[in-house]
Amino acid sequence: MKQLRSVFSGASVASKNLQWYGSSRCFSNKSTKSSSIDISGVYPPIPTPFTSNGQIDYVKLQENFHTWNASDFAGYVVMGSNGEAVSLKEDEKLDLVRNVKKMSKPTSTIIAGLGLPTTEQTIEICNRVAEEKTANAALIVSPSFYKGQMNELVLRKFYEDVADNSKLPIIVYSVPANTNLDLSSSLVTALAQHPNIIGLKDSGGDIAKISEIVYNVPKDFQVLAGSAGFMLPALLMGCVGGICALANVLGDQVCLLYRLFKDNDLKKAVALQQSLISPNYMVTRRFGVPGLKAAMDLKQGLYGGVCRAPLLSLNDVDEKVLVQTFAKCGYPLVR
Amino acid sequence: MKQLRSVFSGASVASKNLQWYGSSRCFSNKSTKSSSIDISGVYPPIPTPFTSNGQIDYVKLQENFHTWNASDFAGYVVMGSNGEAVSLKEDEKLDLVRNVKKMSKPTSTIIAGLGLPTTEQTIEICNRVAEEKTANAALIVSPSFYKGQMNELVLRKFYEDVADNSKLPIIVYSVPANTNLDLSSSLVTALAQHPNIIGLKDSGGDIAKISEIVYNVPKDFQVLAGSAGFMLPALLMGCVGGICALANVLGDQVCLLYRLFKDNDLKKAVALQQSLISPNYMVTRRFGVPGLKAAMDLKQGLYGGVCRAPLLSLNDVDEKVLVQTFAKCGYPLVR
Amino acid sequence: MKQLRSVFSGASVASKNLQWYGSSRCFSNKSTKSSSIDISGVYPPIPTPFTSNGQIDYVKLQENFHTWNASDFAGYVVMGSNGEAVSLKEDEKLDLVRNVKKMSKPTSTIIAGLGLPTTEQTIEICNRVAEEKTANAALIVSPSFYKGQMNELVLRKFYEDVADNSKLPIIVYSVPANTNLDLSSSLVTALAQHPNIIGLKDSGGDIAKISEIVYNVPKDFQVLAGSAGFMLPALLMGCVGGICALANVLGDQVCLLYRLFKDNDLKKAVALQQSLISPNYMVTRRFGVPGLKAAMDLKQGLYGGVCRAPLLSLNDVDEKVLVQTFAKCGYPLVR
Amino acid sequence: MKQLRSVFSGASVASKNLQWYGSSRCFSNKSTKSSSIDISGVYPPIPTPFTSNGQIDYVKLQENFHTWNASDFAGYVVMGSNGEAVSLKEDEKLDLVRNVKKMSKPTSTIIAGLGLPTTEQTIEICNRVAEEKTANAALIVSPSFYKGQMNELVLRKFYEDVADNSKLPIIVYSVPANTNLDLSSSLVTALAQHPNIIGLKDSGGDIAKISEIVYNVPKDFQVLAGSAGFMLPALLMGCVGGICALANVLGDQVCLLYRLFKDNDLKKAVALQQSLISPNYMVTRRFGVPGLKAAMDLKQGLYGGVCRAPLLSLNDVDEKVLVQTFAKCGYPLVR
């Protein structure tokens, strides 16, 4: 039988003899990767706040970071799906990641969502960010508009070409709820061999697929759960952390869940995980970014605000459902 | 926060002061259920062997039971999806479950797949089996042909009417790969209140949904993983066992996985779980019942044989893929 | 370019020198088919009426036939999806088709829905009906429970084995809304070569696929539209008629649509077709068999009644939507 | 019954007393629309040619226009899905539409694909193009990344906000193969009331839905078939033309199909339509833009060339399938 993957010794991964890349942590043991960044831990995929006239609101963002930096996050994901990346222009993106770098803690790992519809554009923006040293890794969503042509060969070449040419290490991003493409276990396994592809964010949540990927990839390829809804089972099966929309709102609880797992206090971890699923659903599948921003507006120290149209703010009926769901699970939202 | 569900104390469920129903184990603590059968543990959903002229082959079935009874199964599921239930006539079904009762161990819990397209037919066959005392519970697949009309109201009434009138306790069965209907968390939560609905077999594998269900249902409503592909994370999140096609072939391994979890030996459990996912995929999604029967034909002491048409036997190319996948994961199939 | 199929000369198909098979009309010209039944024209797929205690209500059925026989139908489809075939037992089916044969006009072509989950059961019931000479052709829905294994090879062998052994000519039935399987153009084209497979009922409604099939199949392979929602464009592209749930309620209108097309009075045909789409939607996709039966209950001379559970009768709110939709399009439903 | 829509008198739409908007044709009769452009007829959605170093190749584009301008097109669609719009930067788009305006005939109606992920960006680019007077109408694809939130309310507000603020008339674009969103009949019917929303391009191909839309919208709301695969049935049911990828390759044939329909020569039209379906499938669903460009490379006077990565050129095996399919239907592709 294949050698046992050290599922519970993941903590040691970020231990001694660190060779720093930017401010990120890295692996101590022999790596197959060209840059050995440790991306374990919990990351909120931060939403982008906007002023009433539609500009990025850096004052509010600073306030949010004041709150977030008090949590035990490993770092931040900027311009993920929850950051409304598709609604930002290139200059806004570069500016946003610069500000996130400044506002976050020096030890925070910054993962920037930099996937664009073409291979060339993706490489170009990765290298601009790499030059500015404002992020430690690039999260690359699969191109999806021409989904009928996005077979395994095309997607493999896309990711490998990006990885070959990007000065930032690459994290593959599978988010079928947005792209209608669920990157297969065999595709991810193939990509995991590339020295500059260091990990996967899987938001699909098929725990069998995630487990199969962990089983098949090199030991230093790091898989992150893409949601707080299944983070604990994903950690159990060998994921090293999570990028969780819910962490924007319930940062301490998601960090606690991670900590309980690392401390092998599974009984408490299971109870905590169970209580987070319905709230998580409200700020992801059910109400999306508007739901996330509404929940933030109902938490002291956090600002959500409006989304860029066509996304609308949550209406009163939906907000009530969201508030009741959080309350029922033990997380009252009150300003 | 809601009270902690005793996830790891599930073992105690089947402990002292048992009140027996047939040969099945039952709950010691106060139950909301009319019949308190314990369905925890591992069950193979046994395939139905056929002779060359298309009859049920009870000689071969007896041989299989000789092998299976040596494993530590909690019982057997007969006439599940893997039992080709939809291809069996009513008389064949009654006869098959009679034989399974005889061939299995006295302590085995027998779960019979008895869902039929109408409410009335389903109740009728449940009560015929109840009268013959050949099964301990009925596994009821959701009706699915008129899927456009199978809304939550219709499905709820179906299950409640069956449960009201069936003398066998009911286990709800959600198997979207076959029915294209994924029973929702809210539907299952509502059904779980019924005194004669004792559990759920979930073959969809959405671990967040499964966890949410466990969180919301009464403590004595028992959820079973519907596949070996995600049994460990499901057990972690509060499932009490699994009905696993793979257990027909790798019975000892699936039972060991359950045992390692109960013994809290999670490190080994994770490694074992990971190694079972690809083989499991071969005998479920990828090659279905023909794949399962082919794998059984390649194991000493087991007979698979042909399926009822239109299902065809695995061709040579597919069988090679299956054999290689098992071998790669440490489970060589050789006759 | 391939030879022009005689799209508008379809009427000649059922003309002189008929060789009768039962009461059905047949082709005059050289056929590739073993039995040359003409299935052109409009067919209602009749719902099965039930008494309050759940038996087939032949008194009400006779009343319905009294109404239906006054329309210009080519015949009747019994035990289609709208006939709740999956909810009927074998004896009920044989009895029902016997009664339909008696109640319909001598010249009516009777098409019986005889698809069952296995190849053998399907052949067996086809031959029992053939022996009783109560139907002219068998409509065979694709098996679908094991949909993951229902690849083109399996489905082709299923239909060819049935066709090889059935004494009734076979009409292939693709109804993805119920089966989640859309029989491909290439599969149907292959099946169309078989001498005992005489046609297709396509309820999927992909007009490009339907047109491609008509283009590729032998001239005497007859394609029927499976719904009144797209019957006119289907006739234009070479279909020979339609099996339309709506024809149970608006029989004269659906027959008129067919007649206007045959008479090349397309301007009127288009206007009529457009007006039938929303009402058709109410008695098919939107409200299914309960919608169809509710509409029948609101028409003089027709009885709908209850469905077999789990299907429920239309509630008041939904019935109002149905009534308003019919009214808005010019078809007031009042008792 | 609702008044008969003049399906076959569509030709009169583009007749006398034209009030010109740019070079486009317009309606003679009283309009509910603020700008009365006639968009009837056939449009190729032109692919964007690229040089070997990835720039837009205007030399090759000019050659293509030399060929295309000899066909009887009503105009051109630039930066549709086939134009790789998602892969072009804003400056490239403005430049491309300027060149298309110059290269096309003075009487050509230019429809520019100008949908962007946000409402504001979409309005902005529409107004820039309007200012430059390089296009007559804007084709606006539905935003789709946040598909879980793209309910009818959100999409309606998006299109109405764009239409309120755009100086170009708006054509709604439903293309579920790319967006996984099929704009509903009720949404389109609501949007059709807006004075600046003049039409719909429907690439979904559900002929019942298309017919229902035509039945429900104001008479001067113009629906275009989004593919040559179902153009004739769509014309029959009241569409005024088609935007057809296949028209890039077989322009004369697609124009002839339109002409045969207008001349009421339906027998020939049906035969021609049938022969175009398989070739159309090759350059759309099956092989996408790479298939379209490959087919163009195999036609005298047309240049296809490479796509922007990640889209790859057709491999030899697929090209052979494409060539054989065209040949089989009577359209040999040879250089």
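Lettered A, B, C and D in written order, each chain numbered from 1.
By definition in this document, contacts are C-beta pairs under 8 Å (C-beta built on N, C-alpha and C of every residue); 3 or more make two chains touch, one makes a residue touch a chain.
Bear in mind that the values here come from a model prediction, so they are computed numbers and not experimental data.
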Between chain C and chain D, centroid-to-centroid distance (C-alpha), Å: 36
Inter-centroid spacing, chain C versus chain A (mean Cα positions, whole Å): 52
Residues within chain B bordering two or more other chains: none
Graph class of chain-chain contacts, one of line, ring, star, complete, other: ring
Those chain pairs that satisfy the touch definition: A-B, A-D, B-C, C-D
Footprint of chain B on chain C - complex, ascending: 54, 81, 86-87, 89, 117-121, 143, 145-150, 153-155, 157-158, 161, 177-180, 285, 287-290, 308-312
Residue ranges of chain C touching chain D (in the complex, touch as defined): 1-2, 4-5, 7-8, 205-208, 211-212, 214-215, 227, 229-230, 232-233, 236-238, 266-268, 270-271, 273-275, 277-278, 280-281, 329-330
